[in-house]
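Listed next: structures, encoded as structure tokens.
The following pair of complexes shares a single chain, chain A, combined with chain B in the former and chain C in the latter.
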Partner chain A sequence: MSTSPGQPARWELAHDHGFHAAARVQEIWRYRRLVWFFARQSFVSLYAKTQLGWAWILIRPLAPLVVGALVYGGVMGVPSVEVPYFLFLLVGSIAWNAFDGPWMWGGRGIELQRKLITKLYLPRMILPAGAMARGFIEPLVYIGVLLLMLPYYRYSDGTWYLAVSWDLLTAPLFLLLAASLAFSLALWTSNWQARARDVRFGLAYFLSFWMYVTPVIYPASQVPERFRAFVWLNPMATVVEGFKGAIFGWAFPPAWAVLLACGEVVVVFLSGFWYFHLLESETTDKL
Partner chain B sequence: MTEDVLPATPMTPTTQWVIEPRSSGPLAATHEVWEHRRFVDYLGRRALRKLYARTALGWGWLVLRPLLPILIRVLVFGGLVGLGSDGVPYFLFLTVGSLPWNLFQGSLMWSTRGLELNRKVLDEVYVPRIIMPIASMAPSALDFAFNAGVIVLAALFYLVKDGTTHLSLGLHTWWSVVALVLILALALGIGLFTSVWGERAKDARLTMGQVTAVWFLMTPVLYPISEVPVEYQGWMMLNPMAALVEAFKFGLFGTVAPGVLAFSLAAVLSIAVAAAGLFFFSWRDAIVTEN
Partner chain C sequence: MKSLTVQDIGKRYLLTSATRSKRTKATLDLKIAKVPLPWGMKVAPRELWALRNVSFEVEPGTILGVIGPNGAGKSTLLKILARVVRPTEGRVVGHGRVVSLIELGAGFNVDLSARENIFMNAAMHGIPRQEVVDKFDEILDFAEIHDFVDSPLKHYSSGMYLRLAFSVAINMSPHILLADEILAVGDMAFQERCLQRVAEEGKRGLTVLFVSHDMSAITRICQQAMWLKSGKLMQFGDSQSVVAAYTRDAMESLAGGPDTDAAQNARLLEIVSVRLVSPDDGRAIGAVPVDQDLLVRIRLQIRRPMRVRCLVDLRVKNTYVFRSPQPEFHAYEERGYYDVVARVPANLLAETSYNLDVVVYVEKSSGRTYLVNAIDVLSFTAYGAPYESEYRKGVVMPRVEWSVQAVEPESAEPGPSAAAGERAEEDPAADSVPTIEAPARAER
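And then the complex of A and B:
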């Protein structure tokens, strides 16, 4: 691009096959306003055309919680250490849903905007990041329920169950870890999800399996001895147990498990970033 | 038809059209469905095509859909939690229990969406509206066939492994057949109500999703009814699906006969719900047609 005075600038068009991670990040930063746009959009369309409207936001997460507490805690008699089973399940569900929902919705980011991205350019990575917002409804509702239930148990059982100490400050960090893992995995799956609808169905089965092998509905101490060594390989086990530990004041997962989980998230994120870049341009052609 | 009425005049056409007001009511509705039965096939295919559109595996899901949830549940509830299964291998226990339940849940969900999914068809041609919730059950019927195939394979597997299929077929197998018919009646009965609602609002689908998830846990599919604490067993009688699923399992395993009282209650309830659904639907239908 040499310019001399009096002559118009000459533009050279060439394919750019490089990866340029820094440039990508910069570009996303320039377009950051769109994250809010897509986040807002994912809420607005949510319960349009329903009679109850926004009330669904409260109803949908609550039913599985109440029934789960009845069946797992009541009928099956799953132990819950020293807190009421409902509270135990509630706290576990907050951590799990900070992962499950954001992954599923973040993964749908491209798919939900198929029409839009065939028409105009935007850094596609904005889409999973924006759509993820929809997935935070459930954990937020559960946190609200927790805030209501704590005084109730203080009144009925005479104890807050909540352990107020500096450890409590780590609770949001575990949720952040769950959300980061969700975003990293969404980077991996959102291109597939845009290309074929059934990826989502398959993922739903996979996630339900993942939830069962994560100590959400049961405490990690219930895991049979021979599987104990493998539990912490699952980063979500660390997140869920760590979050419960922070809230109830129980022992945290071992430090190496926390480090391992963080390491796993970093690896999944970096590889997901690279993989997303690899597929994104082709995805637009295949829509 | 008219030949014996007007035989003398050679100029009259051989067919005579009689235009009369459409009769309504559950009997007329049933008759009308039978007359338009060809549509069931067409609309059923339509529902299936919609279900598997834009998927990578396409029809492969017909095989995976019944298998995946069962495999996950066997691993978790049979393996980790160690739920009882009346002396039958847990895998077989679960596949047999899931068969009637999936038929119920699938039929109910699809019939709820029947009117909503076929709105375009309804705008373009005359089809009795009541066909829609019925024909939309096609995917669940197909799932049923594949689920049944899984049972046969599982039975063969246990025949090779244990030397017995663990199944016991005989005169009592009629329990299974009767239970399936009643389950379909119950699903259709509820679906006739919810499809009318579902046509107007997405809430119907969302609600039924929640209701069936709860209902599933309260029905002895994952666990045998004998594992339920005695003080709750009386309450379970109020759930018609509990008795029907138990009766279906009895038909194939021949182990625990269902309580006569619970089963009769479930049968009466299912038939009553189906009849009420037919009444409700034809009543709504008359109003919709007028407008």
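And then the complex of A and C:
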């Protein structure tokens, strides 16, 4: 639909209108401001009707971190290479939560706006993208905690632990990879999450399983040598280990693992884009 | 160049057991149906064609009325054109920007200010920010809300809300505007302004599809009309004749029901029309603000002296809101036309669509009684200020007054548990009285 005052643009609707990826991308670009609107809306309403209000933003991510450090690091004595276990878990959690939260929230994008999309057309891919923003709260809180803890360890242990080198600049790239994977998977799941609520509960279960096979609460070096190669098939293992490597100055995952992870994200994204397109128009019939 | 060309459009819904259960609440059936079937066996889903073989063309600058009883496919047609649902078959070719006002203020967020909502709504229609900046004052001018531009919509009156919604839509310079009942709501002066504006835009080539149950509005506003009935296009043409045909058909189907002797009743009395009328000037209206009395006017043609009692049922889909009978039979001494008016007090209805049934009991001097049914004779929308709607629910929303008062402990009345205990002594069966538990809040 053009905005020119002259001849109005022609459009056509039919059941099967084919898959025009470039046109879809153009359309999404035209509606891009909605991503910010939906993201903001989700922040405003997040803790609107709770007693503790914004305090929840801190409590929710911190509680599992503290409990996890006590149980895994304290009681079970999981090794954490050469840094305190709390710091080890904190850095791993930043990377993991840059994937976990955005996927779970992004997947709910359509479900949360189901009233709107039965009244009004908008490119629905905007919805997972906007809703995803809410999932970034937890990794951001963890990053804040990290910035507070580093001077503390400098004071108590006499070392920063943070390795200041060019490698540190790769840290945000790993987070970006995690978020891209989360968005790609949200494209796969969000239509189903809108149609049946069970999907979300199943996914939460699946994600906790995925976290245990990812070196978040333990270092990848704990995995027996003969299984090590299989670990890198999991793109999140590469992300988490890579992020830890960037922060602490440890060895990165092998280059082939990084390339594989990037390749996996691209494949999941492109197939997710196509699959989303396949399902989206039927979803409004099934809400 | 046509503004809109619709070719053989059809929309099929498959009612699987799950979707069917939502409508009929057949929980038991659902449980039976959910028993897993042997491999390879399937329950064929029931098909429902909400719309089929509908074709028409609209010239730019036309205001086209869409009429028909509930479930005729009017909303489905609008939703297809708005790209909300995809047609199962057929093809639509259109020209230019489509803006939908399918639900009043869909996409408005009552917690945000008018300013923010204007930008958000424009973004939802994919309109560039600069265009909204240019049009911003014009939008406020038309809506007459300059002083409130930064206050959240939840503090708006229903009139302001309505004006804003319309103003945003019309100022997005649509080529095709899809309006569901909206042009029929609001006060007369605002309606006039809307129509004037629509007419101006019509010269520019604006096409309007206007769905309404208000036949007087259709004939007043629209040059052309289309009549849909159970998903089929019955008639398309100039609005006067289409409305006439539709009204005739509706009245014919009203005259009889399975348990009435139509011929007999027709000789006694006829329900000429059932209308919602404005309390101010008696004009027929298609929607009513929740804070205004609802007047249902039943026009009867009495063919011989007799006693008649009317009864009005108000429903939301299949849920009865209430049934209100006329207090007693009214004796009509003379033949002629009579208006029976039922006034439902303001601040009772919720912001939703209602259906109205009318039943007329006729008592002849011989003492025999007859029944004339007019089922689903009217549907209308109640609208109002959507203030803090988060926790409001239900088919009615009366204005409930709440109060809190501090009390001394000694003045406290005996608790319900003590009363229940006494009752239990007298009647052991009282134990089986179910206790009401606090409803569980659904997890989000």
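Quick note on the criterion: the second predicted complex is superposed on the first by the 270 of 287 C-alpha atoms of A that agree within 3 Å, B and C clash if a C-alpha of one lies under 4 Å from a C-alpha of the other, contacts with A are read in each partner's own complex, and residues count from 1 in each chain.
Just so we're on the same page, a residue touches a chain if its C-beta (ideal position, glycine included) is under 8 Å from a C-beta of that chain, and two chains touch if they have at least 3 such contacts.
Values in this document were obtained by computation on a predicted structure and should not be read as measured data.
A.B. asks: Could you tell me if A:208 is touching chain B, chain C, both of them or neither one (first, second, both, neither)?
C.D. replies: After superposition on chain A, A:208 lies in contact with chain B alone.
A.B. asks: Taking the superposition on A as described, I'd like to know which of chain B and chain C A:226 touches: first, second, both or neither.
C.D. replies: Touch status of A:226: no partner.
A.B. asks: Does chain B (first) or chain C (second) touch A:71, or do both, or does neither?
C.D. replies: Touch status of A:71: first partner only.
A.B. asks: Looking at A:8 after the superposition, I want to know if it touches chain B, chain C, both of them or none. Which is it: first, second, both, neither?
C.D. replies: The answer is second: A:8 touches chain C but not chain B.
A.B. asks: Is A:37 contacted by the first partner chain B, the second partner chain C, both or neither?
C.D. replies: second
A.B. asks: Just chain B (first), just chain C (second), both, or neither: which does A:59 touch?
C.D. replies: first
A.B. asks: Counting residues of chain A touched by each partner, does chain B or chain C come out ahead?
C.D. replies: C
A.B. asks: Pick one for A:199: touches chain B only (first), chain C only (second), both, or neither.
C.D. replies: A:199 contacts chain B only, not chain C.
A.B. asks: Using the superposition on chain A as set up above, list the residues of chain A that contact both chain B and chain C.
C.D. replies: The overlap between the chain B and chain C interfaces on chain A comprises residues 49.
A.B. asks: Can you list the residues on chain B that touch chain A in the complex?
C.D. replies: Interface residues on the chain B side: 52-57, 61, 64, 68-69, 72, 75-76, 80-81, 83, 201-203, 206, 210, 213-214, 217-218, 223, 228-229, 232.
A.B. asks: Which residues of chain C touch chain A in the complex?
C.D. replies: Contact set of chain C toward chain A: 1, 13, 19, 79-98, 100, 102-103, 106-107, 109, 111, 119-120, 123-129, 131, 175, 205, 390.
A.B. asks: Which of the residues in chain A come into contact with chain C in the complex?
C.D. replies: These residues of chain A touch chain C: 1-3, 7-15, 27, 30-31, 33-34, 37, 41, 44-45, 49, 115-122, 281-282, 284-286.
A.B. asks: State the interface residues of chain A toward chain B in the complex, per the touch definition above.
C.D. replies: 47, 49-52, 56, 59-60, 63-64, 67, 70-71, 75-76, 78, 195-199, 201-202, 205, 208-209, 212, 224
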